[in-house]
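Report on the structure given below.
For clarity, chains are labelled A, B and C in written order, and residue numbers in each chain start from 1.
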Amino acid sequence: MLRLSDIVAQLGGELVGDDTEIRQVATLEAAKPDELAFLANPKYRKQLDETQAAAVVLGQQSRDLTQRPRILAANPYLYFAQVSALLNPPRMPAAGVHPTAWVAPDARLAPGVSIGPHASVGQGAILGANVVIEAGCRVGEGVEIGDDSRLYPNVVIYHDCLLGQRVVVHANAVIGSDGFGNAWTGEGWYKIPQIGRVRIGNDVEIGSSTTIDRGALGDTVIEDGVRLDNQIQIAHNVHIGRHTAMAGCVGVAGSTRIGAYCTFGGSAMILGHLEIADRVNIMAGTLIGKSILKAGTYVGQYPVQSHEDWLANASHLRRLDAMAKRLKELERKVGRNDANTGESTS
Amino acid sequence: MLRLSDIVAQLGGELVGDDTEIRQVATLEAAKPDELAFLANPKYRKQLDETQAAAVVLGQQSRDLTQRPRILAANPYLYFAQVSALLNPPRMPAAGVHPTAWVAPDARLAPGVSIGPHASVGQGAILGANVVIEAGCRVGEGVEIGDDSRLYPNVVIYHDCLLGQRVVVHANAVIGSDGFGNAWTGEGWYKIPQIGRVRIGNDVEIGSSTTIDRGALGDTVIEDGVRLDNQIQIAHNVHIGRHTAMAGCVGVAGSTRIGAYCTFGGSAMILGHLEIADRVNIMAGTLIGKSILKAGTYVGQYPVQSHEDWLANASHLRRLDAMAKRLKELERKVGRNDANTGESTS
Amino acid sequence: MLRLSDIVAQLGGELVGDDTEIRQVATLEAAKPDELAFLANPKYRKQLDETQAAAVVLGQQSRDLTQRPRILAANPYLYFAQVSALLNPPRMPAAGVHPTAWVAPDARLAPGVSIGPHASVGQGAILGANVVIEAGCRVGEGVEIGDDSRLYPNVVIYHDCLLGQRVVVHANAVIGSDGFGNAWTGEGWYKIPQIGRVRIGNDVEIGSSTTIDRGALGDTVIEDGVRLDNQIQIAHNVHIGRHTAMAGCVGVAGSTRIGAYCTFGGSAMILGHLEIADRVNIMAGTLIGKSILKAGTYVGQYPVQSHEDWLANASHLRRLDAMAKRLKELERKVGRNDANTGESTS
């Protein structure tokens, strides 16, 4: 249980109303009478009227939307997350090496390191203070992991990769597998040795089953504060700028350089050898085939229809060039009013 | 070997012709003279004429399509699957805890449980009768798994998740990893604790490398009988109704609620905070960006062409609005016969 | 360090200029004064002028583009890869079974086999000479793996699958999980036993977190020399011809037969029961819904725009059939010059 005044003492904000106690955080809709909820988006205001929550977090401008005990905060969503973190600290396994784990004799483990069941740590690896390596992980030879980082179960880090501080990697992710480099011999594929590494900055979180390949020559780089969701594929020699976030199932092909503060919707696919500027937002399902040099929001999504309607419409895409020519021919015959079309190139 | 009359005694159906013995099931095309094949789709009738199969399963209406020994069944494909299950029961590892496995002292294992090499079971976990945990799996603290469920190798279940009875999870799948929840601080991403669980019903099958995130607040829910293929990503707080089936590589973003009896083709992508009604079929590769409140089949696939033709046609998509305006202008000049267009809104 | 003359003695090519020594390979841009770079694409010629490299590999026709020590080779990129392989042989773990591994008593291990920490090898498995099974892998019952193959950590091979010689499988890949086969009972899904295997030829490389399902009846087949990148999903009974290469995140649905020497761009999706001819190239993000019987390059990518422009244009896709009809009607009224349209079918 936390008292609202204790929360405000730690996190700031203004307490309005009774200094009640809360046990947990919840949504407005699901909150029980000993829970704290939040209102970040005015469109959920009706839920505010109906909530059972003991108290709510909301913006200054929403001060009078409720009479419940409340905390006013500049960014209610962030504040709520911070309260949740106070109430729900991550479970930390005990420090020490589990009896079923295997650690190479020359690996260096700082104080507070925890190695779980059946994990193994290769020769020359260096683990910082309080690093947690959970069950079944493999930390390759020469890997370095900074203080307070955590690998969830069955993560694999290939040899010589570098992870910063407070990096979190979720289950079954792979960091440092060989990039997809093949030269054609005339008869088959010849594997190009992948001799770079993966370098990951501080405060990065990587989702489950995400894969990040090592560089072919030079390194694959993930800068500070990047957030990668699950099932993302990052190819060799990609560079991702700080605080960029990618939703699930995104793919980035080799040698593409992505700026800082970008966001990528789920299943977006970025081709190789491109440059994406800072503060670019790519919407879900969009395939990017050319560099994007200007901040903004970009999209290429095929609109959905009933199967019937799609059948009627989609086939015309295969003849769009012919339609454009027929339109031009008609305009030639009828006489065209260019001012109305907003188009000058065809 | 199974005699046809023994099969009919167990599964029903009508035996026509000799009561022969069969050793295995196979396709019409590949069947050897001691195997049972089936005809579900009349378009394979030619294969029926040419098959070497000892016997076939087919529908009542196909009774006289062959003179071979045969079993008539209402649903030949299902019947065939049931015969295959009789002939090919899953391999069950011996009950007991492998000497290399590690089980927390306070975990509760019902009779018949099998724990494979290098698997580990966390504190307070509860495993029902005959549960099979294969090599390298990690069952987190407080996880509960119902009777007769099976985890194939290297599956990871995070703490406190619940799996029903007869649930099958294939290799390297992850259940209960943190959802992708981040609040922007103005300078970087602040992680939102993911304090919900994953709750999975009975008779669910989950493919290899599929990932299902735990809820942010509240739970991610997979109802009874759901089938998820490989490499699927289910985000936090998604709810999937009973008997819905998804093919490989589908992604579902956070808080989307999917009905019962739906099907999703491979690589479909469903955005977050949507509602999908019961009995909706989404075709492969389709991105769903709005709720679908009516049963039916929906699609948004870009048609394929040769590279040359695609280059000629696709660029016009970027000018479709201009084309529409030019068309309207022409109609204004020429005079338009609305009755022929089937369109009234533009 | 390698002397250029030693390289030429091993790999062929013509040495021009000083017989210098090189320590490592690098790009023209990043090369240090003791490194070897290469020029394969004339568009990087400017980098050739500015490089610090000790020597370069280039084509005969580029002989005089630089005065540096150089090796002339028919295929500079391939030659460079071969030099890299000389300088960077894969790290080989010591032969023998790690004390934490578990190998079934009746498994057969040829000389030189290496089994890493916490790996397990099931009953009746047969491992060829110098096979490397890294940490945490599971090799199922009856699996056979040919000489000089290597499984990186946490790979899972289900029972009875066959891998050829010199096969490389990257971390967390899964080979032989059950295909997605379900028959509808009228009330729910009935699992169809998946009784085939996966058969993989020689010289195949498989990326991290790629999944290849076993056949339902009959086998899933990957022929010699195939290259699969990360996070690829290959469904049951797919057949992939020799030397075909697929980039990351590709999906291939059940029973599709793909020819030899094909290439697939990232995130391409191939539906089931199709036939793809030899030497077909599918571009990234393309969904293939029909068989392709002729070699060539095929594509179906939605073009990207700013969000604003996309909103203006994409909605017309839903009315393209109506637009086509309006265009036809206008042509009827105005009189159409068919010769100009390149179109005759509508």
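Simple rule for what comes next: contacts are C-beta pairs under 8 Å (C-beta built on N, C-alpha and C of every residue); 3 or more make two chains touch, one makes a residue touch a chain.
If you're wondering where the values come from, they're calculated on a predicted model, not measured in any experiment.
Enquirer: In this assembly, which chains make contact with chain A and also with chain C?
Expert: Touching chain A and chain C alike, sorted by label: B.
Enquirer: Do chain B and chain C face each other with the same patch, meaning over half of the contact numbers show up on both, or with different patches?
Expert: Chain B vs chain C: different; shared/all numbers falls short of half.
Enquirer: Counting only Cα atoms for the centres, state how far chain B is from chain C in Å.
Expert: The mean C-alpha positions of chain B and chain C differ by 25 Å.
Enquirer: Which positions in chain A touch two or more other chains at once?
Expert: 100, 118, 136, 154, 172, 209, 231, 249, 267, 301-303, 305, 314, 317, 319, 321, 323, 327, 330, 334
Enquirer: Where on chain B does chain A make contact in their complex?
Expert: Answer in residue numbers: 100, 102, 118, 120, 136, 138, 140-141, 154, 156, 158-159, 172, 174, 177-178, 180-193, 195, 209, 211, 213, 217-218, 231, 233, 235, 249, 251, 253, 267, 269, 271, 283, 286-290, 296-303, 305, 309, 312-314, 316-317, 319, 321-323, 325-327, 329-330, 333-334.
Enquirer: Given the complex with chain C, which residues does chain B contribute to the contact?
Expert: 24-27, 30, 75, 77-78, 81-82, 84-85, 87-88, 90-91, 98, 100, 116-118, 134-136, 152-154, 168, 170-172, 203, 205, 207-209, 224-225, 227, 229-231, 242-243, 245, 247-249, 265-267, 284-285, 301-307, 310, 314-315, 317-321, 323-324, 327, 330-331, 334-337, 340-343, 345-346
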